[in-house]
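Structure first, then comments.
As written, the chain order gives the labels A, B, C and D, with residue 1 at the start of each chain.
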Amino acid sequence: MLEQLKEEVLKANKLLSSEHLAILTWGNVSGFDPEKGLVVIKGSGVEYNIMESQHLTVLDLGGNVVEGECNPSTDLDTHLEIYRNFKNVRGIVHTHSTYATVWAQMGRAIPCYGTTHADYFKGDIPCTRKITKEEIGRDYEKNTGKVIVETFCGLDPDVMRAVLVRCHGPFVWGNSALDALHNAVVLENVAKMAFLTDGRVPGQEPLVDDELLKKHYNRKFGADAYYGQSGETK
Amino acid sequence: MLEQLKEEVLKANKLLSSEHLAILTWGNVSGFDPEKGLVVIKGSGVEYNIMESQHLTVLDLGGNVVEGECNPSTDLDTHLEIYRNFKNVRGIVHTHSTYATVWAQMGRAIPCYGTTHADYFKGDIPCTRKITKEEIGRDYEKNTGKVIVETFCGLDPDVMRAVLVRCHGPFVWGNSALDALHNAVVLENVAKMAFLTDGRVPGQEPLVDDELLKKHYNRKFGADAYYGQSGETK
Amino acid sequence: MLEQLKEEVLKANKLLSSEHLAILTWGNVSGFDPEKGLVVIKGSGVEYNIMESQHLTVLDLGGNVVEGECNPSTDLDTHLEIYRNFKNVRGIVHTHSTYATVWAQMGRAIPCYGTTHADYFKGDIPCTRKITKEEIGRDYEKNTGKVIVETFCGLDPDVMRAVLVRCHGPFVWGNSALDALHNAVVLENVAKMAFLTDGRVPGQEPLVDDELLKKHYNRKFGADAYYGQSGETK
Amino acid sequence: MLEQLKEEVLKANKLLSSEHLAILTWGNVSGFDPEKGLVVIKGSGVEYNIMESQHLTVLDLGGNVVEGECNPSTDLDTHLEIYRNFKNVRGIVHTHSTYATVWAQMGRAIPCYGTTHADYFKGDIPCTRKITKEEIGRDYEKNTGKVIVETFCGLDPDVMRAVLVRCHGPFVWGNSALDALHNAVVLENVAKMAFLTDGRVPGQEPLVDDELLKKHYNRKFGADAYYGQSGETK
């Protein structure tokens, strides 16, 4: 079942390694089929180069296993919380990619310092608040998801497709598992350039005005987008 | 038509990826044939590894399509403005390469900190002023080109073959598309070394004197250049 | 003799190069067989790409050669001191990997800035005190081991499997030579992210609370670990 | 003539590229035969991947061409000045490798922050003084060599095999062209780790004491060296 989705999730997990977003087993990708209401996710602790379809687990949004022999990723409950709350998400990527993780470790949102950022993310990329001792003690991974959702109060997950979990690392989403992977590649590069820029701008102010931010975001993703070939929005 | 130019522009676009100047679709190269008055440019949003000759568009300097099925790069009007104003330019490269983009995000010209810089760029590599709300609102890409041209008031584009567009990234040119690509590789490396040097020089002053700057530039590009083999200037 | 251990130690030494932990001959791996009481270690100054089984030396814990033509690594006596004192260690890796070495050169322990660190190291990764003139003058490598052991007064080498030798570089251990290698890969990545984070956290305080540290460490290595597939702890 | 030396110089030049010490044509290697009194050096502006034996030039120490069609490297006169003054040098490498060049651009000697440095360089790696307007105006490359020699007043080029030319980049030497190449690889890595350490040591003092410096240098290169296999000193 869900052969096409599994194939895509498998491919996206392997790309974590080849796109240098994750070493060892430091990342996981899931995909969601909204018609069946089912999630496909990487098995916990499986290395990317030996991963095959059998290392994927299929679950419903309540976390009940429908198919698969492997324990799902320990971050499963964070993925599920995102799917349950952000209605258009079809794929999620979690990594410990270097620069995105450094911003998470600094506990800071990534300011919009340039059009590379604005081309994909409509504003600062948020960082969650500190998780409490109580939230760690019980249902830690689910609570991580709840803190992400709380962070998006007033933010639209359809135009801001990434978040930094404080002291942990990024979660990134998209229209599909591969689209989420694409956005995770963008995030890491934007995070690196922002890290290098930060603290070195004369006057210390982010330089991208709101008009420039909107112009770049909208020429790729707005109603009158003109980036790319016809029929594409990216 | 323009088969040789197309082949070179295609090759230069693919080199964006293999020379690590652009990931995804984050860069574009064009070439110009002065006799025919035509420009060849990359199609918008096409990935480098699948790009073929058919993904190139041929246009006149007024932006009228002469050949090709693809929408040209969204940055087309910036390229055209440069070709219209800088008479000896035969190729243009635009990228979001990491360190050149970081300088653009800092909104700063790249100071000449060493002979590696002086070997190719005769002085500080300029950064444009902030683009205004009005310039963003209408003909944004063309206005980006106009701001570049304005920046070169008093600067010779034949000896300073690169500019940083503030908050955006570099545009680099040359005698051909491949020469522009070569200069873009140099720019990124010079930008990285300048970034690492900047703020750490005792006394905070750039160290290259005007004599050393001219000596190095001229031994490669001056009237009595002696770098390379006979008949070459580079 | 010890064919299986030799094979693993050989593989781990070659991985030093392919995992970018050591260039030239800047690292060495050993393995320990507790039943026979013997150590297998890389020969001094042998390059990884030409290394074969014959370049390994077998010694007892007193440093007496049992088999092998090569002089053992100059760091042998440091390895032996660790095996003699940390009873569960079965493999040791020493490198000059860039960021771990930079922390050693700064003479600082690596603070726990994130869950990537907490997933593997239960607390700050310690740095040894300065070695004295007397300790350098006689039995330098053995004294390096003694200073490591002294650093672990009050620290459990079973949950803190790495140390930075001040002004020198990291020693990392594990359940086997390959496990030690795995931990050395983790250390270098954690060291890089901590280096980039350090000094840039608003308020300058490490952000990982003790609860989060324990949660992450224990979900991988604790009594009720649930990371990975059944039967694995990692 | 000098077929073996040419082969080695050719190999060392190609290694500049594969060891990531030079992009484009940003480096050159020469070798010296003391019996014949002849130098073999790279042709100016030749790219490494197309370089063959015919792109090498043979000259005497006065700079007279003995064999070869190519113009020698523009840095030839700096190489010759070094060979004329440092009697045991048999190979010289000049690069613009990133971190060594950044130290040259900062105009600073590289302090000895760790044993990686001490293993190869017995003390701080010096940086030349600023070259004067007069020295640039006439015989620039020869004067660059003279300033290097002046910098070694009181320094032994047999135990300090590298120098940073201020605002330019490193020159490194050794017992052969390949040994010089080896030392250039070491220099770049030591320069990177020192750059990252510098300014971040609590108290701001280099941490390596003289005893530790001598211990490490001498265990590799001293009279009683014990690093490596018998008959080797490295």
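Everything below uses one rule, namely that a contact is a pair of C-beta atoms (placed from the backbone, for glycine too) under 8 Å apart; a residue touches a chain by one contact, two chains touch by 3 or more.
If you want to know which protein each chain is, UniProt gives these names: A, B, C, D = L-ribulose-5-phosphate 4-epimerase.
Here the structure is a predicted model, which means the values were calculated and not measured.
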Degree value of the rotation bringing subunit C onto subunit D, based on Cα positions, nearest 5: 90
Identity of the chain that, by mean CA position, is farthest from subunit A: D
Same-residue or different-residue interface between subunit A and subunit C, half as cut-off: different
Geometric centre distance via CA averages, subunit B-subunit A, whole Å: 33
Euclidean distance of C-alpha centroids - subunit B vs subunit C, Å: 47
Shared-contact residues (touching 2 or more other chains) in subunit A: none
Chains that touch, pairwise: A-B, A-C, B-D, C-D
Residue ranges of subunit C touching subunit A (in the complex, touch as defined): 113-116, 182, 185-186, 189, 192-194, 196-197, 200-202, 207-209, 211-212, 215, 219, 226-230, 232, 234
Complex interface listing, subunit B residues touching subunit A: 23-24, 26, 43-46, 70-71, 74, 96, 98-99, 101-102, 104-108, 130-131, 133, 136-137, 140, 166-169, 195, 198-199
